[in-house]
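Single-structure report; data block below.
Which chain is which? They are A, B, C and D, in the order written, and residues in each are numbered from 1.
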Amino acid sequence: MTQITGVLGTDPRTIAGRSIPQLLLERASSFPDDTFLQKKHFGLWKPFTWSQTLNMISRYTYGLTALGVEPGDCVALISENIVEGFVAEYAILCRGALCAAMYPDMSVSEMEHILRDSAARVVFAEDQEQVDKALTLIDKVETLEWIVYFDDRGMWGYDHPQVLSVEEMERRGEGFHTKFPEQFEQVVGSVGLRDVAIISYTSGTTGLPKGARLSHEFLLDSGYRLMDAFNVKHGHEYLSYISQAWAAEQICGIALGVLAPMVVSFAEKPETVPNDLRELAPEFLLFTPRQWEMMASGLQANMFDAHPLVRRLYEWALATGKKHRDARGLSSKLRMAMADLLVLAGVRDNLGLKRANAPLSAGSGLSEEIFTYFHAIGIPLRNLYGATESGLVAAHWKGTFNARTMGQLLPVDPTIGTLLVADVSDTGELLLSGGARFSGYHNNPDASAESFNEAGQFRTGDAIRITEDGDMIFLDRVKDLRTLANGHVYPPQFLENNLRSSPFIKDAVIIGDENYDRVSVLINIDAEICGRFAERNGLGFGTFAELSQLPEVIEQIAKTIAEVNQMLDAPSRVASFCCLPKELDPDDAELTRSRKLRRNVIFDRYATAIEALYGDDDECDLEVVIKYQDGRESVVRSVVTIKRMENADD
Amino acid sequence: MRNTVLSAKSLRLTFGAITAVEDISLQVKTGQICALIGPNGAGKSSFLNCLSGFYSPSSGTVEFEGEDITGLTPFRRAEMGMARTFQGNQTYQSMTVRENILSGFHSQMRSGLLGGLLYWGGVQQENAHFINLAEEIIEFLELEPLRNTLVGELGYGLRKRIDLGRALGLNPKILIMDEPMAGMNTEEKGDLARFILDIRDARNIPIILVEHDMEVVMDISDEVTVIDWGKVISSGPPDKVRSDPKVISAYLGGGVV
Amino acid sequence: MIELVQSLSSGVLLGLLYGIVALSFVVIYRASRVVNLAQGEVVMVGAFLAWMAASSFGLPLYLAIPAALAMSACFGVIIERFVFRPLTGQPIFAVVMASIGLIILLRGATMVIWGPATRPFPQVFPLGAIEIGPILLNTALLIGGVITIICAAGLNWFFMRTDAGLRLAAVAEDHTTALSMGISVKKSAIIAWVLGTTLATVSAIIMLSGSVLGVTAAEIGFRALPVALLGGMESVRGAVIAGVLVGMAEALASTYLDPLTNGALSQIFPFILIILVLLIRPQGLFGWKIIERI
Amino acid sequence: MLPSGIIFKSYAAEEAFLVTRPQKLVFALFIVALFLFPMVGSTYLVGTVSVMMITMIAVLGLQITVGMAGQINLGQSAFVGVGAYVTAAMAVNYELPFWLAIPIGGLTAGLTSILFGLPAARIKGFYLALTTVAAQVMFPLAISRLPQSWFGGSNGMSMPSMELFGYEIWGQTGLYLVNLCFLIVFTTLAFNLQRSRVGRAFIAIRENDVVAPVMGINLVKYKILAFFIGAVFAGISGGLYAYYVTYVTAEQFTLWLSVIYLGMLLIGGMTSPLGAIFGVIIITFLQETTHEIGGYLSGRISFVDESVLFPATNILLGAVIIAVLIFEPHGMVRRWRIAKAAYRIWPNPHG
């Protein structure tokens, strides 16, 4: 399949033409006494109701006005996730200005680039540390006029005329407040849905970060997609702790926070997040894959200290969870109930995930192992695919679940209208259309133009494949794809990564470029796992070379390759492989010291084998020069089996 | 012009035949960090104990905010707003961090035995009010992740910080710190120095600081008094004291640099 | 006048009895900082051991008494080894509580082993009284008093003049210092307990010679504890002098005040006296003043 | 530690003893079960539990003096005795109802203790504990020497039965219910005290009585207060005891009993009122079981009889106290806390 079309959302909480500030006003008048924001402070969870929050926002807005911020200006923000940071951003949006948020750990030079590029007139800085950074730039960046800080700790001795506390800013706005009481609603009313709300800086892998201009509509639409797909209810709790500089937090916290609306909670301090998460047990949360991995490995490591009996019970429960979670039948259900009662419920409780009905993993792919682990525990972890420029595109939400895919296209807000459509171009690139549109890069018309093709589709730069079920599989960045002699484009990295995730395979070297018309692979087996496998099956072997050529081992590798092949279209599948008779070794310059492949060296040394992979013989004689540590060299000669995959031609 | 908060006038303290403090006078003014240094056995601790009421001086007077407090017991002085921290580890080990700091508010709280037993609404409110104040100190000293941890489970540096927090609970008009940095590593010393400066700047509490670490003392204090053999040998701003030949010889003679 | 002298001299003799029990408190405290509240029970066990040696084994007195002393020494070692050594390093409070556990344990054990019935205690010292002028002195108590003074002098010499004794004192001052000086804390504790239990047995023999033995013998413990506290827990001299003072006070109270108060005051008077003295000198008459350092 | 998903918005909510719904439910069921217990328990069992509850109040008082404030008290049973005698005198001589007589007994016991706490102004530690021994020694003497019309002298006093609104509270069941009510009230008071200003001051004194005064705590006042409140509990316990045994004599309140009280507290754990409750339950259970076993054996083994049983229990008791001190100096309460924490973080080994 090369094209799929999404669906319209059914949730009645649509955007209906309202920008974030307008939604904010409306929510505040509908539920003035409900909690909107909530922070842990002085050991308690301190709620801020909608009316309190709106009051704060309006005071900040007047303060910004008093500082001379006009609609369309840019205001920057550098802070951990705190209530004041959110309020400040809402105030910026209410003023009709653009918000450029920065990661709190940014260096001064990164900060300089963003302030300069966005032409920010005011920067909100959380505390003394951030103020100090901003102060070094106040004379360098011409547009920057004010630094407003939230936390006055350590600020007693500062008397720079352009530095003021947020209270001072509010005080300056007070006059405006009394003079024009209706002005706030007027200003807010004039902020349109299609106006640009934020400039989100993407950490470009090359060059300086580019500022993506995202409109209210864009943020809200992506928020709606999540809300509809994951059934995020009014009043669900959300723990905000990923920086506002990340577009995902803008969508989940800032936009979905007012759209659903959710209760947005803030941890006491960055280091108390795990603890606060446990206390809150939120319904909705979004972590990066790295954080999920850390959570899983932390739990595993913790369980290593448990009493052996407890550990066995835990392992039994995990195995039961893996095997029986979705199985039917009374015995399965009973076992599952048992495992849940004895172990798994406790694990979920300790992680603070017992109520999480939409725990999401966003960013790059999370390994299948981690997925199955969380699913076994009973945490319905889901993949979420999206990017700053494309918004949230796909996730596992239609009930089906395959950890290797990114899920299905998300439903679009019916008031936005146009359905999401995903196209795969000839080069394998995902092209998107529908939903709210990306408003281009700030100060960068060339890059903006490049990001759309002639048909007006957004070029994601991601190579994907669409399965028969309509799931999307992420293959590679388009620039990392390779072309075969017959012009077919395939994802070598995707293959290598997926093969490497098998325990039997230590390294996989994909062969296949414009000189060949099929894909083949050199496999460096994992000696330890394969050795254990051989022993368990009563197979004799003396050396690594012998082990690598055991028919049973080769069969095992073939099985793995067949599984990975399943995920790809026929021409991209591995057609033949062989197992290397010696381990790839940094001493032989085949790997770098950090275990990255040195492809040229490998291609040279194993040229005979590569030739055989594309020939007709089932075996080849391979001679490899080995250098010992003492500098001696010797030639190892061995017969290598060439295995051809049966499904390669269908 | 700064007001004098605490002044000791010609204090003298003897134990039998031993004279621990021969003649020390000291004045502390609002918003000042006033350091007291001297070689081991110079009489610093004995002097502090006279100030906080553990020992009664053989002669001389201690005046606090213009009142003569020489004869008052320690708890009366605490009620008046004189707080101190201690050498070594003197926190309440079996209480949590929050309870330790809360216990510093003792003399500001009013509820008595009956209130404690019945724990009726008013007492609960009072408790909540002071927990709130204690939490302010917890935030100030950056102890949030540990508020419910038993102090006995914490490391030495943190315990010293809790000792400080407890003293701040007294809502003091003057804070006496007895070798707060002894036994700390460089990082902990830096943290504590920052807290001490913040206490002076944000809370405007004058501080008497007895400390061994000369470098820190010279960095953060406004006034330095050097004593040796129970007598003041030099006093003034850090720069002046540093170059005083009497100080140099006392320190070289005492074998401590 | 004669009445006064008579009651004073009986008081002195009674006081010396208190003194030797108090001494057993002191030796244990000096080396191990344990205020053994079960010391009365230790006296009781010593008495039963002596009774057993003399009556059950039927040994002649000159053998029975050394046998009893030897057995009580073993008894001391056992207590030290199984009760107090495992508590080394615990707060003093826990150690005192252990001595409370010991009270319960020893009473129970005594009653199981020897039964609750009272029995006559062998006549160790000659019966009767010595007449000095118009004053009568109980012979047993008089001999006991002499023994007390000898013991006290001996202990004083031991603590002040011998290496082992000085070592005990060093341990008492400060365990860590003692350890750094290479003094075996363990050995000191054993010596202290052996001395303590043996002294207790000696005092039991003095107290009970020719009298009736039962579990009530343990009551001497809580009568002698105040004496030890009054003397200052560390002081050998103090224990004896405080004993004499308390004995005299008690005798005077019983002669002159009891008729007025229906006989109650003489038993309470020592306590009142001691508390009054402690109010003036909190560390006891001869205790070491501790300057609290913070 | 609490289960996840519980957040506090006020300190009062955080300070509450029962937070989660299961906690509240289990506790409510437990209380109901306690009230219904006489309907199923045998008379002997109900009586035993009654005595246990009376003892608990005395040990709760001891927990305050010794456990919270760290002041050794070797005379608790004397204060129980004062409470018993004063209650008896009020009930007999002035014909006061029990709900007046018992509190008066408690208060008198408290006031008496102040007399013995006063030396705290100068002395501390064992020296102070000595005054409690004095109280214990003085108690029987005082009772027998005071005018016979007050406390019946050495004959003791006979108690009237309890009456409430003109109805007589009769039998083990009635007494049980009254005792239970008193226990619930006084347990609550003890728990309340621990988290209050006064309780914190007590703990501060126990933890470090050199530093406490510098934190504004008046040592003398609070030490006396600790003796006072502990003795009030003892007095209440004594009043209930008087009604329970119907006849009061001075021999019922011995130093020995004080020692046993301390033992109970020790085994249960001194740092929490819960320790007092645990301790009484454990020791009563121990005594009752040895009694049962002994009763079973006495018919079969010649030398086992009543005279051996009681001391044998004491051997066990003493050994248990020493073992607890050596292996778990903080008593069963600490074990309980560890178990609770382990349950909360299950299956994780640490939080």
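The working rule: a residue touches a chain if its C-beta (ideal position, glycine included) is under 8 Å from a C-beta of that chain, and two chains touch if they have at least 3 such contacts.
In this text, all values refer to a predicted model and were calculated from it rather than measured experimentally.
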Listing by label each chain that touches chain B and chain C gives D
Could you find the chain whose CA centre sits the greatest distance from that of chain C? A
Applying the document's contact definition, name the chain pair with more C-beta pairs in contact, C-D or A-D. C-D
On a C-alpha centroid basis, what's the spacing between chain C and chain D, in Å? 32
Quick one: report the Å distance separating chain A from chain D, using the average Cα coordinate of each chain. 61
State, to the nearest whole Å, the distance from the C-alpha centre of chain B to the C-alpha centre of chain D. 40
What is the distance, in whole Å, between the centres of chain A and chain C, each centre taken as the mean of its C-alpha atoms? 79
Where chain B touches two or more other chains simultaneously, the residues are 86, 90, 131-132
I need the residues of chain A touching at least two other chains; which ones are they? 43
Residue numbers in chain D touching two or more further chains are 10-11, 210-211
In the complex formed with chain A, which residues of chain D make contact? 3-11, 14, 345-351
Listed in rising order, the residues of chain B that touch chain A in the complex are 98, 131-132, 135-136, 138-139, 144-145, 147, 198, 201-202
Help me check something: in the complex, which residues belonging to chain A touch chain B? 41-43, 153-154, 156-157, 268-269, 271-272, 275
Contacts from chain C onto chain D in the complex sit at residues 35, 37, 83, 86-87, 90, 93-94, 96-98, 100-112, 115-116, 222, 225-226, 229, 233, 261-264, 267-268, 271-272, 274-275, 278-280, 282, 284, 292, 294
Give every residue of chain D touching chain B within the complex, in rising order. 10-12, 15, 189, 192-193, 195-201, 203-204, 207-208, 210-211, 213-219, 225, 228-229, 271
